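One chain, chain A, appears in both complexes that follow, with chain B as partner in the first and chain C in the second.
Let's look at the complex of A and B:
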């Protein structure tokens, strides 16, 4: 059961300082000052950038003002449907604590690279699809399908309005093993490698063959091949201790989409 | 589980094996009215343990159809609220490019209803889901299947 509430709180309160800049080619007239914002690591760019968009719209040529907004960091388009914390950790912009400078664009949406989830409705349907997928892995989908539409709404509203209690009142049910089980069936997890937006998904059981709970050291062994050895995991900007149990991690360190998003460090043998 | 693909003169096949158990397979179909080029991919979903249908539609000028246009193309009559539950933009799990996908949450159930009769779950899957997105299989597939069984 997800009962280390302080950990859940700390994860929930993780924030990133972002400095939004305009695309100089889209600006008419005076160049606007950058826009600074603290955003939740757990949220998504389209959910937190209403104000940013409104601010820059005044400086943008009229024909682009209604365009689909997207963002890039040093030329890398940022996926709108990845949690902001995942984007930040993958790009690890600067370690010195200065704000993360990204550019906002109103035109030329890179349709072949970015999934166009630029409205709240589309993002919500994507988010629910992730929740469902995670629940299929954890409980064969039994918990989420027993929930009502209003529970799904409450999760989503809790996330977009940054309401911890509202969100966890429902999410708690998704984060408990089913019936009298000790653990989930599989751990919903996505593995990322450095500098790359691709991830790998695998069926990862929280238990080993002897029925004992696996920890990260076991997971390293599972992901290692004769040529490439997994040596470390990071998420939420934290390097994770080897002895952390997978089941505990899934319950406490998953993003609101119910997936663990782990960056894996490899060494080549 | 391994996926078996029946080949045929009608399909342009491109198998692409990732280090993992991903198998990919694509097919190009032209749709009338505006001559839209639709690319279908059947990708195996690790989480759901079922095939999933991904598609991408391009206009003849190379422009990508957005979600509204795709809905209009395939399901002009369905209410919008239902469509959010059915056909939505997703990232292709192998290519990591934007595609549309049909939600897989009931695929397992539907395929299970066919019991042991289905020797090829992919064929069954395509013939059940395909028509919704104008992906029609030639009847000869039924014959191919019989041939294989006789062998």
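Let's look at the complex of A and C:
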């Protein structure tokens, strides 16, 4: 039960400052000023960049204006269907006090690397898919299937409109424990490492064999291999203490798609 | 939650806060401002674009000679010009008006001055008027006083007039008395003179009896002739001169004496007698000469013979007439004046009966040729003018009158001469009348 409202609130209100820049090759005429924007960590890039797109459209050549928009950071194209916070934590250098500089592109969409999820409908379907996946892991899909279409809409609208109460009115139900247990059946979690966008999903149970709630130390032990050892987890831009319980984490620190996106720090043995 | 959980939860929260501080709070405000500025800039850019587009359009329209705007501009310019002209006109008029105002102000000032002057003069006039009124009042009062004085004076005058008239009456009475007394005196004197004459004659007789006899004889003859002639036509003469024949008789007798001395004496005596009597006794003189004149008129046609007869009668050639030629009653009352006419043998007499009567002596009639009336009191003196056409008579009624001889009509009358023209000689001078009052 996600009842620690304070934490929920802090997670929800996490924001990043992004500095959008135009592709110099695409600019026609005057060089546009970089566009700064505060975006929510939990949102997705296509949802928040309408304004940016409008701003930069004026400065680029006519033929590119209708092209698919994509972003890149230091040459790395950014996955449009990842939450921004995830992208930021993966790519952004740690000790930099300036906003995250991203370049917006209107042309040459890298078909091989990115999936063209640049419309809201596509994103919504992806989001719901994630939601269902997470619920299957947590509740065997019972909760999500019990919800009506309007609940799904409410979740999505709450997310894109930044409505905490609207979102969590429904999301609470997804955070209920499974049946009579005190936790989910499994923890929906995705592990990232090596600054790569590929993630690993493993079936993680919130309870250990003894029935106690697992914490990150346990998780570390699970993920460690003889070759490399997990030493720390990061999410939402913070290093998590080892004692943090997994169940609590899944309830409170999941992204809107109900997944925990953890960056694992490995140390090679 | 257990305490342990709280611990790591706190850790988590703290780290989240740390993260927020680092990532979010530093940039939030700035980025928000930036976004706002960018929006503003975008807006301005769009406006700018619009304006430039419009500008371009206008320029295009102007450059390509858009008639609509051009015509509008031309009309506007014309209007502007007209407005400016009007403005200058109005300015001019304003200047003129202000000038007029200045002039009018000056005029008003002048008028005010005139008005004040008029007021001053009016005030002066009023004061003068008041003064004059006061003077008029004073004059009225003085006039009243004078009128009163005048009335009192008139009253005094009438009173004095009355007194005067009464005094006049008294004077007349006294004069009459005086005359009477003079007559008596004359008589006595005549008597004395006769006595003296007798004495003289007696003396002469003694000395020159021959001369005396001739003389006395001549005298006697003359007297007799005179008596004869006078008896035929003689009116009873007023008793007063009754003594005169005697005198006349005696006087020729006087001439019988020594010529020079007797004449002188006689003349002296007669002159003395005349002087003594002449002032108050016209009738004596006229009576004396009347007789002589009567004689003259009677013998006019035959002058020489008459003269001879007169001489014979003892009238001519003698200084004093001794014979009465004619005697007639001229007036009912006293005769005061007698005069010969210079041209005719006519005598004019004036008397106390207020009439002047003309007598033809030549014809020797006893009736007057004419009776001239018109006087309201006794005639004192009469005179002819040199042509004998007019008669002037003065009377006791303070008046003088002139009658014409031809038609016996009163021509002129001067009344109120202020003098009681008592016995006075009136004489016609060539151009004037001389009135010599012989009385008071």
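Quick note on the criterion: the second predicted complex is superposed on the first by the 267 of 269 C-alpha atoms of A that agree within 3 Å, B and C clash if a C-alpha of one lies under 4 Å from a C-alpha of the other, contacts with A are read in each partner's own complex, and residues count from 1 in each chain.
One rule holds for everything that comes next: a residue touches a chain if its C-beta (ideal position, glycine included) is under 8 Å from a C-beta of that chain, and two chains touch if they have at least 3 such contacts.
Given the structure is predicted, the values throughout are model-derived calculations rather than measurements.
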Both complexes share chain A, so when I overlay them there, do chain B and chain C fit or clash?
fit
I'd like to know which partner A:122 touches here: chain B for first, chain C for second, both or neither.
first
Which partner does A:112 reach: the first (chain B), the second (chain C), both, or neither?
first
Once both complexes are placed on the shared chain, angle at chain A toward chain B and chain C, C-alpha, multiple of 10 degrees:
130
Thinking of the overlay built on chain A, is A:141 touched by chain B (first), by chain C (second), by both, or by neither?
first
Is A:159 touching the first partner chain B, the second partner chain C, both, or neither of them?
neither
Mind working out whether A:201 is in touch with chain B, chain C, both or neither, as first, second, both or neither?
first
May I ask you to decide whether A:104 touches chain B, chain C, both, or neither, giving the answer as first, second, both or neither?
neither
In the superposed arrangement, which partner chain does A:246 touch: chain B (first), chain C (second), both, or neither?
neither
Which partner does A:15 contact after superposing on A: first (chain B), second (chain C), both, neither?
second
Once both structures are aligned on chain A, how many angstrom separate the closest C-alpha atoms of chain B and chain C?
28
Can you list the residues of chain A that touch chain B in one structure and chain C in the other?
none
Quick check on the complex: what are the chain A residues that touch chain C?
4, 6-7, 10-11, 13-17, 33, 35-38, 51, 55, 97, 99, 215, 236-245, 248, 253
Chain C - residues contacting chain A, complex:
4-5, 7-9, 11-13, 15-20, 22-24, 26-28, 30-32, 34-35, 38, 42
Quick one: in the complex, what on chain B touches chain A?
19-20, 46-48, 64, 66-67, 84-85, 88-91, 93, 96-98, 103, 105
Spell out the part of chain A that touches chain B in their complex, as residue ranges.
79, 81, 111-117, 121-122, 124-126, 129, 132-134, 136-137, 141, 188, 197-198, 200-203
